[in-house]
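A, B, C and D are the chain letters, set down in written order, and residue numbers restart from 1 in every chain.
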Amino acid sequence: MSAVPVLETRGLGRRFGGLQAVSDVSFSVPAGQVLGVIGPNGAGKSTFINLVTGHTKPSEGRVLIDGKDLTGARPWVIAQAGVARTFQIVKPFRGMSVRENVAVGILYGSNGTNVMSKALKAAEEVLEEVGMAGLGDRPPGELSVADARRLEFAKALALRPRLLLLDEVMAGLRHTEIEPSLELIRKLKARGITIIVVEHVMKAILAVSDQVLVLHQGKVLTSGDPRDVLSDPRVIEAYLGHRYVKRREGES
Amino acid sequence: MSGFLQATVYGLLQGGLLALVAVGFSLVWGVMNVVNLAHGGFVILGAYVGWEMHEWFGLDPFLGMFVSAAVLFVFGYVLQRFLINLVINGPIFITLLLTFGLDLMIVQGMNLVFSADYRSIKTSYASNSLAFGSVRVPLGRLLAFALAVAITVLLVAVVNRTRTGLSILATGMDRGAARLMGIRARHVYALTFGIAAGLAGMAGAMIGTVGTFNPSAAASFTLMSFVVAVLGGLGNMYGALVGGLVIGLVQAWGGQYLPGTWVNALAFLVLIVVLIFRPTGLVGRAFYAARQEV
Amino acid sequence: MSTLTKMPQQGLISTLRGDRAKRLGPWALGLVALLAALGLQGQLYSGQERTVATIFMFVALAQAWNLIGGFAGYASFGQVVFFGVGGYFTAVAMSHWHFSFWMSLLLSGFVAALFAVIIGIPLLRLKGHYFAIATLGVAEGMREVVTNLTDLTGGGAGITVPTVGNNATTAYLGNDGFYLLFLGLAVLSVIVGGLVARNKFGYALRAINQDEDAAAALGINTTRMKVLTFALSGFITGLVGASYAFQQVTIFPERLFDVDITVLMIIMVVIGGSGTVLGPLLGAVALQFLSEFLRQNFTNLHTFILGAIIIVAVVLLPQGAVNYMREARRTKEFSLLANVRKYRL
Amino acid sequence: MRSRTLAVAVVITASSLVVAGCGSKGEAKSANAAGSGTLAIGASLSLTGSLAREGVLTQEGYQLCQEKVNAKGGVDIGGTKVKLDIQYQDDTSKPDVAAQLVDQFNDKGIKLILSSYGSANTEAQAAVIERNGQLMVDSAGADNKIFSKGYKRTFAVLSPATEYAASIVKAIAELATPKPKSIAFLSADDGFSKTVTEGGMKAAKAAGFTVLDPQYFPNGTSDVSSALTKVKGQHPDVIIGSVHLVEGVAIIKQAKELGVTPAGFGESVAPPTPDFAKTLGAQAENVLGSSQWTDATKGTDKYFGTAKDYAKDIQAKYNHAPDYHNAEASAACLALVLAAEKAGSSKADAVRAALSGLDTESFFGTIKFDSTGQNLYKPMSVIQIQNGKALTVWPTESAEAKMIWPGTK
């Protein structure tokens, strides 16, 4: 692969006081791929996303976007470089309607507009895309859990990103609600958008990822093809604990 | 050199008094996120209660302050329970407005009831001072200082050791969770506000003994409480004490070595610098600061 | 930070549907109000003009505070510092440097804006009450600085703008002139507020108000927006301070940096409805009118009554009058009691 | 829906503006038109805010004046007696409100004004008085700065600020034995207090004292410890405070706490106020103070009689010992009444002319104005707290007691 990866990190790490939340994460995502990031609670997944998007400043290492060093750049610089994200805890603008929420992303995105009416019209299209047509006038406070997550998704899409980081957009959703989200991810991938999916729901990761990265205690445990990774005993141990693995070994 | 020592001693004592004034303000802010603009009014009200006790019953202000504390506690409890709780879930600056309205009423009420005469609670001993070489330690202020330290320690013990204290702390950290655990937030809030008002009342009786007061002095105590509480850090019970002592010393030293009244600018400069470089205050705890910033 | 505007501002949606009549409606009504104010001047005694001019002054101050405190959600508790800086700049420029008032006025705005940028860069990183206290500290500190710069500012003895004789650089405007001047500032502030509310900039500020991280993730340069807003807010406040200084002739640090003025701005905005254009306008007019009425008619009791009225207003309408009306229209729930229930513990 | 809300707003705005100023433009009808039977005077007072204490004392003085004058049938204007009618407004201790009130009185046709308390308020009012062609008698704005601006329509019955500390210095120079050598001035940082300090320092240098560097503290503070610690090491023989009541009390209290023990204390403004001795008790003993008036002041007038009579009246009506703030307020009112009688008119211009030519004795001493409008002809008295009472000790011709001087170390 000679093409410059959309995202590359080199030795990325972050220390909070005495706690090393993320350390020495190096990997790259080629254009057009879907990367799944998994790991147990506290593995540093959200911190990792925050490091990439500039919401948290790295203590060490580099972040390269399209080969350009954007280590420690402010979040809006990264957003304008074509990187969009969602938040694990949804962050809607409560004082605005759903449509306006999305319109803000369109106004300030990488190829934004200055005309409000255009932005609102474009917002409507994004809402349709994520399956929220007709909800534009609602205040975000009145949305269901699933719709609130979709709104997060829509706001990120409004930036027209080339790299999309999804932080648990499917958490807390029912099975029937997950399927449309997966469909959407596939559709975006087909459009050429590079996507990083951070998820707890394994099944979802398997369904869409080209590559999987496993974080454990802030470090990269392993990475590679989804199926290989998921059968790796180290991963099972990380997820289910040492004793579980031992028992399985005894059984087999 | 003796000037420096004298300034240091006096600054520390003055700081202790400021700490006592501010500790309740800091408590209410830390636990309920309410900035009580009527706090200075409470202090002065406490001074009037102490004054009345002394005038009518000849009660020494160091005993009268307990009456002040009791009266103000009840006043504070009722205010929070039946008034401030009504808007506690509103936008945060709404409590600021509510307490501003309260302040107008309390200050003008005192003006009407007690007149704007300047008063002072006279004792035979408060102005006497102990001499250590050339350094004088005024007795009244020394007592007030000791009291401030004792109350702070007591408050920490109450908050960390007793059921009531823990319920205050828990409510302060996460009201929802505290309610799920069966803590009656309405009562706990009222209790917290009552304790804060009671402490303000005590401080008022002290102020009335070592200084002079009238209703319009309320505003300056509110302002000082702001500075002291933020400087020390909210939510930490020792915060007010640390903040008070720092401000006391800064003012004493600044007054000693700066010309004119530049010293007053200095106190605010310290405040701003602390806020910029250590926004949680000198001894503030991280989780309170985080709660502020969410 | 979800400070002042947790409540939805649904009204914007309808104006943004592109319906020209609806979009221009408020401006047209504003024009009618302006004409009414101009017509009113002919009906007033000179002293009444001054009373009304004070109302206009507070409209401008409230609108200016609303930009940073209402839209962006950064409650500047030391906003009066721009009033003081603007006022003192004009007084010093007119008396020491013999600038004309108009020149001083304009420069005062820019000086206050520059001051806002200088303090805004470090302070706008603080949030909530911390920002409030830090700005309060700046205002109180500046008062002491001005008091101590005796040679330049006259210190506690005040400084007098030359208005008579050969030293006067600009003829005193008189009550007629100040009525128009403050009306102009009020109109300017409302127009600025109206423009901000409706365009891209205003959306960025509201986004910052409601969730700064999310705003930054959408590509909004939050630091620049906040500093710009603070500067704009400081600019208008500085203009008002400059005009006030000329009107008063002699000014004193205690009044020009009086925390009461900040508190009034905040109350007016919050009672009217923060983050709206109409709210601060209504709040300023209602509160200033009310307090003046009470002061004139209840010589000894007026602050007591005003305090009680503020408490009642706050308890009944914690979200501000305008926001309450909008919510009520949307949900068809007009009961004040139900409104109280929403916010109580 | 937005438009409708706005429409409501516009209506409210417009109607409130109309209510705020109903009436029609033009020269307001004179409130003192012939045959109205009253002489209306406007008084702006600090009844709330930081000057409320002094504001109330001022109001008492004005009120007593009105009663005394009306008890004699009223003001004799050109042969007809009209009742004095003083209208009060609260200026909330803020200069801009005080100035606005003068304009509002002007709207009602009230051209004769009695001033607010304090130099800042008075100065703000003086500028408006001048523009409106009104006339003001100043009862409490003593800063000489007000009278250096060429204003022609403001007259002050009181001695100027420069005299406050200077009179104490003169009294000490004249009466203290052994004569002290050094004086330290402690001053509040407002304009009035600074002028007092300047005047005092000038007088002290002229009298041959060693004058230490003045120390400043913020106006209205109750903590003056830094200033005291600074002068402590210099061991001044006399400390003179240019203060108001709070700072004045603080100096005495904290000097004791800090062991600052000069041979004598003198303070402007604070000691003559009844609260001073009441608050400080024994500590107030022997403190010198300058007073615009004491009940030993020489002179008499037809409404108040002598200073002693005046003191009795205040005691009877307000149940406290008279304060010079009472007296200067009454005197300002008296000057206005006497001038109106002399002019035989209630027109501002005529009364102004009469005021500038006024030269009369009163319970307040001489009332006579120089070309700038200040009353330079009345000396200030120096009092000393002796056994809890403020007794006049200087000038010697009206002294009630001998100055007690503890002696110089």
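Here, contacts are C-beta pairs under 8 Å (C-beta built on N, C-alpha and C of every residue); 3 or more make two chains touch, one makes a residue touch a chain.
Keep in mind that what you see is a predicted model, and the values were worked out from it rather than measured.
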item: Any chain that touches chain D and chain C; value: B
item: Pair with more cross-chain C-beta pairs in contact, given A-C and B-C; value: B-C
item: Taking each chain's C-alpha mean as its centre, the one farthest from chain B; value: A
item: Central chain of the complex, centres being mean CA coordinates; value: C
item: Intercentroid distance (Cα basis), chain D paired with chain A, Å; value: 73
item: Approximate Å spacing (C-alpha centroids) for the pair chain A, chain C; value: 42
item: Interchain centroid distance [CA atoms averaged], chain B/chain C, Å; value: 31
item: Centre-to-centre distance between chain B and chain A (centres being mean Cα positions), rounded to whole Å; value: 48
item: Contacts with 2+ other chains: residues of chain C; value: 5-6, 144, 147, 300, 303
item: Shared-contact residues (touching 2 or more other chains) in chain B; value: 108, 260-261, 264
item: Those chain pairs that satisfy the touch definition; value: A-C, B-C, B-D, C-D
item: Contacting residues of chain C [partner chain A, same complex]; value: 2, 5-10, 12-13, 16, 18, 198-200, 203-204, 206-207, 209-211, 213-223, 275
item: Partner chain C, residues of chain A touching it in the complex; value: 53-55, 74-76, 79-80, 84-85, 87, 91-97, 99-100, 103-105, 107-110, 112, 114, 116-117, 119-120, 137, 139, 141, 155-156, 158-159
item: Contacting residues of chain B [partner chain C, same complex]; value: 29, 33, 35, 37, 83, 85-94, 96-98, 100-105, 107-109, 112, 185-186, 189, 219, 223, 226-227, 230, 260-262, 264-265, 268-269, 271-272, 275-276, 279, 292-294
item: Sites on chain D touched by chain C in the complex; value: 1-3, 5-7, 9-10, 12-14, 16-25, 28, 47-48, 88-90, 92, 94-97, 99-100, 102-107, 120, 123-124, 127, 131-132, 143, 145, 149-150, 188-195, 218-219
item: Contacting residues of chain B [partner chain D, same complex]; value: 2-3, 6-7, 10, 14, 108, 111, 115-120, 122, 127-129, 131, 134, 136, 138, 140-141, 210-217, 220, 251-252, 254-256, 260-261, 263-264
